[in-house]
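Below, subunit A partners subunit B and then partners subunit C, in two separate complexes.
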Partner chain A sequence: MRSARTVMTWLLRRPLALISVAIVVGLVLAALVGPVFVPYDPLAQDPAVQAKGPTAAHPFGTDYVGRDVLSRVVEGARPSLAIGLASVSLAVVAGSALGMISGYLGGAVDLLIQRLVDILLTLPGLVLALALLAIVGAGSATLVGVVAVVLTPGIARVVRSATLVVATSGYVESARAVGARDRRILVRHIYPNVLPTILVLATLNIGNAILLEAALSFLGLGVQPPQPSWGNMLSGPARAYFEVAPWMALFPGLGVSLAVLGFNLVGDTLRDAFDPRLQRMT
Partner chain B sequence: MGLGRRPRIVGIFIALLMALTACAPASTPTPTPSASGSPGKTAIKRGGTVTLAFSVDPNHLDPHKGTTAQNFVSLVYDGLTEFKTGPDVAPGTHIIEPALAERWEISPDGKTYTFFLRKGVKFQDVAPINGREMTADDVAFSLGRMLSTDAENIKRDLFNAITKVDVVDTYTVKVTLSQPFAPLLANLATVFASIVPKSELNFKNVAIGTGPFLLKDIQRQTKYVYVKNPSYWKEGADGKPLPYLDGFTQVIIADEGTRTSALRSGQIDFTDLLVDNLAQQILKSNPALVDEKFPGNFSVMVRLNAGDPALKDVRVRQAISLAIDRQAIANALGGGTGIVNGPIPTALTDYAVPVGDLANFKQDVTKAKQLLADAGASGLKLTAILQRSPQNRQIMLEAMQPMLKAVGIDLQLQFVEPAELAKRRLERSYQLLADNLTPSVEPDTYTYVEYHSKSSGNVGNYSDAALDQLLEKQRATVDAAQRKQILRDIQLKLAELQYIITTGDPYYHSIFQPYVKGFRFSFVNQRIPMKYIWLDK
Partner chain C sequence: MHPYVIRRILLVIPVLVGVTVLTAGLIRLVPGDAIMVKIEEAGRVSDLAAARHSLGLDRSFPEQYLDWLGGVVHLDFGRSFVTEQPVLPQVLRALPVTVELAVLALIVAFLIGVPLGVISATRAGSWPDVLGRLAAIAGLSVPSFWIGTLVLLYFAIWFRWIPPIAYVALVEDPWRNLQQFAVPAVTLGAHFSAIAMRMTRSALLEVIAQEYIRTARAKGLRERVVFVRHALPNAMVPVITVLGVQFGYLLGGTVLIETIFNMPGLGRLTLDAITQRDYPQLQADVFVVAVMVVMVTIAVDLTYGWLDPRIRHA
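Take a look at the complex of A and B:
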């Protein structure tokens, strides 16, 4: 891999990549340390300023019970990113394992795993998530699990394709010829070579996971009030107020858009970076 | 690496859409009709139709089986009596007028009512009733349905003083009561006392009455189309039968934002129950719209289940009441303005005790903490169930959360589907349940029906012998001044007991297009006065 300096030079030559990294770093910082710096307690209500527009004291305005929208948007970044990252980590571990095993072993194992993946892929993500949440109940922990289940089959499918390519390559053949066992081949030869694919998939799926979390919270199945999350700030009474107090929904909505955009662009950047054909062109 | 670019773009688009969720397609400016002529004495014009919007599709249409279709069937049916409407009736008061009963006689002991029916009133000309005349048999049949003891009939307690209904002749019905019953004539004016034709019809799906409009077409979840009943018995100001309109359509638009957009763009002519600050904003951008403002009588509240171990202790319930700032909650409900309600909503000016006179209504955090400590209920964790719509429940509970936290009560919210909420309410399987009281102009609905230990409307295990006695006495007292005094005692008692934490109501607005004339204010569960509406265009 390149040194930090080459990474910087490489990034500087791609303004879009730089912006995307800046967005993601900014959001992560906001989620980690933002709540310390926000002007108000995100749960504190001030009855004197219910549903008031942006002012110097409340730059993003206040919501229907007089909470500061800026503080809530910053606080809301935390569950959105945390649930996004946690569910993607789970999904990536499960999906990569399934995909590599399926692609490398082939045969009956492959058939079984891939038909299971097919079944899960036929259901739209949101519908599958709703059905699962109806069974396990709403809450932050179950949400992570459910989003992970929804994302896993897609990852497994792509990792399997990558594994198929690697598995037929010369070095795997020779490793097998010298008598390496399956586990060693999977860990030492297949895994390092599908890792770029996995990393790109992970980054791209964080955007999907954040979106799914927002959609589920919007439908009332995610983070429960009064705890703010971008999704639940968009739903409920904020909808009734949309015409007269658009700031209640606009800013958390922008948060979702920005996060999804940022992670997707980082995913694109990573793909460019890992793609040898594109590298030669620069 | 077979990853297409499109799904992500779609994803971003969805995120943006969600940000704009409540925003309906951009509303086009309303073409303002030419400035209306001289106010006041304009000759009434007949004809035309209007479109109204309501937020929820009713469960079914049967007025005697706990329908939620009050605003839908109230114009199809009439009662024996009706509430007077018009500019001379102050909101919050009620005057009973004859409707299908032309007049009535009350025996000196107050236990027998003889209703003399209006002659020549015909049911709407719809098969299989085909416009036959309404007679005493239909009234007896309808009263029998109102008194039926099946579980669906949750409004039975409005009429349960009635012990016997006799058909004297074709146009005379004698009603015998177990005791004098003050709310009777008012309760008979509600939608729940609609007179239906004696028949085997399933009134959940069809509605045929004597009212000013007949229900022509039902498209569930979409719209209800009504046309004029040409043989309606009541005359308009121009000496010809009401109604003035040829018909109207009620469309179902669940989302408040979409509803207001529809009003702005002229797709609907009339919308009801708009919260104060939403209405203000609409009027600011569309000054031509006409606005009627009135205080709500819904009383958004949290029902405490007195059967729950945590809430059995009256000190805990009082502590909850003392912990909250009702004015702040009422303001949140209205988006800045609101009215605090005691057990009987402030809007019922004749009966409501001023909130300042009620115990446990003024926020007192120290006293609340003391009561909780005395009751040994520190670190109390409570769960409130609520449905997503109407959103005023969520606003109320979210406003309460930090107030309760300040006295050491952790309040959790649990959203449930409407059907499950209704089930758990009936089964009394909840700790706290966010709801509103059944709106009415008759104080009995807010007192006896909710709190009497034997009432079908008591769904919170409320039981207090002294209260029961007062509630019964209130019903049996026909003298208005005396009854008012008893109702005052009841409210003071309820403030002590705090079975239901009433918070408040927003001011509501009815907003309509400038050509809609003849609007008359009425509370929900009265018959909405659509029959007096006419169009100046």
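Take a look at the complex of A and C:
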């Protein structure tokens, strides 16, 4: 992939990859400039149009206090994307460091880190997240940290197994034989070789992070109203109105699904591009 | 017993101790305790110190934890701070709901995921394959709590049908019970059928590239027989492994599904225990979930070795 032209030819031969790039670009645009273009203030209540179905004025309908659903769904892209990207960045840095150290050093360090990973993976992620959020308090900022903690052990485990493959290869042994230090071997030899795995894990985990954020906001512990998020639009007093106004339930969920689908497709494409054998591990 | 099996079982003990220390520690870090929750609800102030003392909350964390652990060894999980009843019967009442939900979801995952994976793999690169893969990724991308909400909503709008509300056990009235569980199980299973489909496809593609499959084809077996009798059993090994690894996520998913469909399972019991700061109840819930997760992990490991004799447990 040397030039933009090569990338385009490569993409055009893969329709799914093209769709995924379109979705992610659309999502980023919605998060960055969407609020400027939406027809209404996402928080503005209009008593004249409470729980009205889709019309030309309100293409996605209005909610139970007369807020425009389209504007709210577009506004919801920002917290999802921001929390997803921030938490995955944290989790990828922590998980990769733990995984590489664990896999490369082995011995007691490996045993300790792996038991810690075991413990965290044995607790269902959602339960761990709920307990952590109860401690640090609900909200967007704490959500980033909590989602990162939940995602880290899974990343650490996969990066460790990728590291084990690299660490036993000939060139790492030769580097060690000529007296290279551990830190140098980790940075110069292991890291570049596990980087593809890390990148694939990162994209696939953005989808997981967005799903987790939506679930926690749905349970009332994530993004707090009145700030609209895809998860919290599906919970609280709104649920009582779904039967008379199903569009209130339909569109926020479509937002989540489309966003996660976009990142999952990018992850799949990257994985196929880097190394088909990665399929087994991720 | 095989030394590997014994080693695996012994390794479970530190993990379980770690999980319980973490749970007991985390929930005690949550601001407020069961007494404060009760006072908020009752709206009156009683003798705080005495109430805390009666629940043992005035002691240090190591004391509280070791006391609890001592009880667990004798299968005594203590009494709920809220109902003041022993917590174990509560867990045992909720357990069948969650286990049935999880097992039905896994059955759904196999019934949908494996055939779709086979179809995709046998026609790799064709339009059905592309559509199947897209459907699987879509299945992974859709939040279960949203699908659950929509299914309930549109069944009510279109068919005027609402699942029976009061929970009925499978042994009491199987038909009514399955009516209640069908929609939640499919909702939860959709995600896992996507995982099963993707694993079946990639495992099958890997297996059919091998030599014994060429031999089977060369001796004139029909393509269907080659796939179903020779390739599929071997391709199932990684599928079972991956679904086993996902079992913890499956139990986590039941928290949301039980909340939406109002089912009296372990997930909802756990959620309530967190809100009410009911330490003994939460610790018992998480302990039981953790035991199930590690047992499934070991079972998957052992099945793996049994299905594929090349894997020796040294």
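In the analysis below, the second predicted complex is superposed on the first by the 273 of 282 C-alpha atoms of A that agree within 3 Å, B and C clash if a C-alpha of one lies under 4 Å from a C-alpha of the other, contacts with A are read in each partner's own complex, and residues count from 1 in each chain.
Here, a contact is a pair of C-beta atoms (placed from the backbone, for glycine too) under 8 Å apart; a residue touches a chain by one contact, two chains touch by 3 or more.
Computed from a predicted structure; not experimentally measured.
Contact with both subunit B and subunit C is seen for A:A249 once the two complexes are overlaid on the shared chain. By the touch criterion stated above, A:T197 is placed in contact with subunit B alone, subunit C being left untouched. Applying the stated contact rule after C-alpha superposition, one finds that A:V33 touches neither subunit B nor subunit C.
By the touch criterion defined above, A:S161 reaches subunit B but does not reach subunit C.
Judged by the touch definition given at the top, the superposed model places A:V260 against both subunit B and subunit C.
In the superposition on chain A, contact of A:V127 is made with subunit C only, not with subunit B.
Of the two partner chains placed by the overlay, subunit B and subunit C both lie in contact with A:G207. In the superposed model, A:I135 lies in contact with subunit C only, and not with subunit B. By the document's definition of touching, of the two partners only subunit B reaches A:P237; subunit C does not. Residues 207, 211, 214-215, 218, 234, 239, 242-243, 246, 249-250, 252-253, 256-257, 260-261, 264 of subunit A contact both subunit B in one complex and subunit C in the other.
Subunit A contributes residues 43-45, 47, 50-51, 64-66, 138, 158, 161-162, 197, 200-201, 204, 207-208, 211, 214-215, 218, 220, 224-226, 231, 234-244, 246, 249-250, 252-254, 256-257, 260-261, 264, 271, 275 to its touches with subunit B in the complex.
Those residues of subunit C that touch subunit A in the complex are listed here as 14-15, 18-19, 22-23, 26-27, 29-31, 130, 133-134, 137-138, 140-143, 145-147, 149-150, 153-154, 156-157, 202, 238, 248-249, 251-253, 255-256, 259, 270-271, 274, 286, 289-290, 293-294.
The touching residues of subunit A, when paired with subunit C in their complex, are 15-16, 115-116, 118-119, 121-127, 130-132, 134-135, 207, 211, 214-215, 218-219, 234, 239, 242-243, 246, 249-250, 252-253, 256-258, 260-261, 264-265, 268, 279-280. The touching residues of subunit B, when paired with subunit A in their complex, are 1-3, 8, 11-12, 14-16, 18-23, 255-257, 260-261, 275, 277-278, 280-282, 325, 327-328, 331-332, 335-336, 388, 391, 394-395, 398-399, 401-402, 412-413, 415.
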